[in-house]
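In what comes next, chain A is part of two complexes: it sits with chain B in the first one and with chain C in the second one.
Entry: the complex of A and B
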């Protein structure tokens, strides 16, 4: 244990900073992925058959390749296109592209779970289609999606570790740097794991609380 | 510089290694999960706690971090070890937690009356396990199990970062040599897509077949 204490005292600030990067990338990417996923979902809902096919192709493709490929695509591809963006932004975009695909499927699953007669019932009450969607369908989609979105947020948080492959100094990279620089066996990785587990626990708690607070209203 | 057709062959070879890594880890991970699942239902509270802790830690930590931790930890005990061995160990640990949770869900999905009726038939604990629990859990678990198999193929790409030469590592090598980013990644995507999509389709097909026989899904 003494080893760990010495670690935390000497490198606590470095770890906190790295954890800040992890959290910042994860939160920003998750918000953008929610928006991107919602756009994809609405495109499939409202668009014609070709929109549906294109979005479906996009979703299937990104669900069946590892995240590292979009990360490399943007990190190595953008400079070729003349865009010299920071690695953290490139990685963030890749995470948004992939998680947006998953999130659009989550919304679609939640939408399908809604009873088909409800839109008709809402219309028979005199609600316009748009109001029926906003007041009846949309709230249910959001409520049904919360647990799956919580899971997705955990997956996204863990995937931010892959940005270490493109030089972003987040938790995993920081742990690796400190391991190599100080010759420690593996203590920094244990510290990084504790940070991740704490963040995952907070996300799970938030998702559970959010779901419980809206479920029966 | 453009990638050549020999680069495509190199990538095809690398894709086989990715698949082999994934399949090995799926096999070992399944065995480990079968051993872990009973812990979740053990009478001893400490065994249940150990199971939950294992699942929590493995599922809450990024695969890359697990990989680095295992790689460096194993190396500090046994000197430099093969990254392939470390890679299979890591994926096995990762998959065993996911599989164990799936099997646990499968056991929980067995309708309660079934336990009583098998006991009332006088089946021994052993026959209950082999003739009632195992076939049902296998059927309930199959669709999510294959989902995790897709994740195994994708997770194997992470091992490229601990210097395991597989599809992602080979792609990055070729990109750095030729700068033909788009084409290399397109080829890599095709290989990954074929591997993952095939597993996914098999999963859906089986789901359909099992549902038709009334086994999959929520028990009545």
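Entry: the complex of A and C
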């Protein structure tokens, strides 16, 4: 056991720091992706045919390329335009661009699941169109979206591992650095896996609790 | 709430149990194979040598224009196959990224590894190395536009240096230019892209690799004349605990570097580095 203790003493702090980076990037990106996804969804809901087509093109493009490509393009491409943003920001932007596209589709799916007669019924009760949307449609969109949003948060958390390719020392990079230093083939990756598992479990718990507390209201 | 918690813990425990089972399996596999016969007998019986290597470190191990794996270290591995089977083509290469080398050896996927791999005391606890067959040195490449002329110039807060994720580079950076900002990549191509795009002003790389890239993109890059270390030992690596197999490989390296295979060694040295090999023995004049 002495060996494990020495390991924890030598590399424990580095792993915790790396986990902090993973969590910080994931949380910040998810919040921004929620906002960006909502904006895309509203643009499609309210805008005309051209807005719809442009947003649809964007969503299709971002959903159908590996997120590593925008990560590389932003990290290595922005400096050519004189923008030397930190690696974590560049990677975060790429994650927001892709996950925002997914999230806008989640909202749209939830919106489509609501019966078309509901807005009419709300109008017949005397609500203005804006109030009908706010009081009747929007709450249902949010409730229907929660499970899918939880899934998306899990996917985003795992995609932060790709930021290891652009020098962000998050969990995956920390495991790579450690395996290179010590020649230990598996242990660093098992430790990283346990950290990811713990974070994913918390996200799932949050999503389940949130969905449960609003489901039948 | 209680139901949610119960369900949550059930799921989590199942996945933790699965992870633990996988870890145990890996550990027990390691113990089981350590008891088996020597890898040397296995290699001889199989009739081919399986070698794990990198594919992105010219001129040690890289893909040429035709997409074929070539390089100094690849030719060294072929010499080993020739010594074992009298046939340099009885060899199979497994190409991995730098941190894929250790699992490939540990799991027994490959018999040995070679390819720009530096002997390092931290690593030697879990990986066995032969003596070094080449001193690869380490150079600093700088962007010509950066105006950096020496290692002393580089040691300033305004400069960023691209490293690989290996311990040698991290330790050297901390010792020689502690003030410079360090960013770490998992591939040499990431390092070069970083300097080309202006993310970094300089990069650390093995001297022969630096010379190779400097020759092909002389207008962007410059290799600083002062070397970071006089010596960097690159060896063959293998799974520890197999004395017979280690002894054969170490004897092969000894013969290559100072004995009967030295003429081949000088030939390969000229072919890949366009330089004379170090002398066979310190008391013999260079050829």
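Odds and ends about this structure:
Operating definition for what follows: the second predicted complex is superposed on the first by the 210 of 217 C-alpha atoms of A that agree within 3 Å, B and C clash if a C-alpha of one lies under 4 Å from a C-alpha of the other, contacts with A are read in each partner's own complex, and residues count from 1 in each chain.
The working rule: contacts are C-beta pairs under 8 Å (C-beta built on N, C-alpha and C of every residue); 3 or more make two chains touch, one makes a residue touch a chain.
Keep in mind it's a predicted model, so treat the numbers as computed, not measured.
With chain A as the common reference, chain B cannot sit beside chain C without a clash. In the superposed model, A:87 makes contact with chain C only, not with chain B.
When the two complexes are overlaid on their common chain A, residue A:182 makes contact with chain C while staying clear of chain B.
Of the two partner chains placed by superposition, only chain C is touched by A:208; chain B is not.
In the superposition on chain A, A:23 makes contact with neither chain B nor chain C. Contact with chain B, but none with chain C, is seen for A:73 once the two complexes are overlaid on the shared chain.
In the superposition on chain A, A:159 makes contact with chain B only, while chain C stays out of contact range.
By the document's definition of touching, of the two partners only chain C reaches A:169; chain B does not. Aligning on the C-alpha atoms of chain A brings chain C into conflict with chain B at a single listed stretch, 98-106, out of 80-88, 98-106, 206-214 or 224-232. According to the touch criterion, the shared surface of chain A, contacted by chain B in one complex and chain C in the other, consists of residues 76-77, 80, 164-165, 176, 179, 185-186, 190, 193, 197, 201. Looking at the complex, you find that chain A touches chain C at residues 75-77, 79-80, 84, 87, 164-167, 169, 173, 176-177, 179-186, 190, 193-194, 197, 201, 204-205, 208-209, 212. The touching residues of chain B, counted against chain A in their complex, run 56-57, 59-65, 68-69, 72-73, 76, 150, 153-158, 160-161, 168, 171-172, 175, 179, 181-182, 185, 188-189, 192-193, 196-197, 200. Within the complex, the chain C residues that touch chain A are 1, 4-5, 7-8, 11-12, 15-16, 19, 23, 26, 98-99, 102-103, 105-107, 120, 122-127, 165-167, 170, 183-186, 190, 193-194, 197-199. By the touch criterion given at the top, residues 60-61, 63-69, 72-73, 76-77, 80, 154, 158-162, 164-165, 171-172, 175-176, 179, 185-186, 189-190, 192-193, 196-197, 200-201 of chain A touch chain B in their complex.
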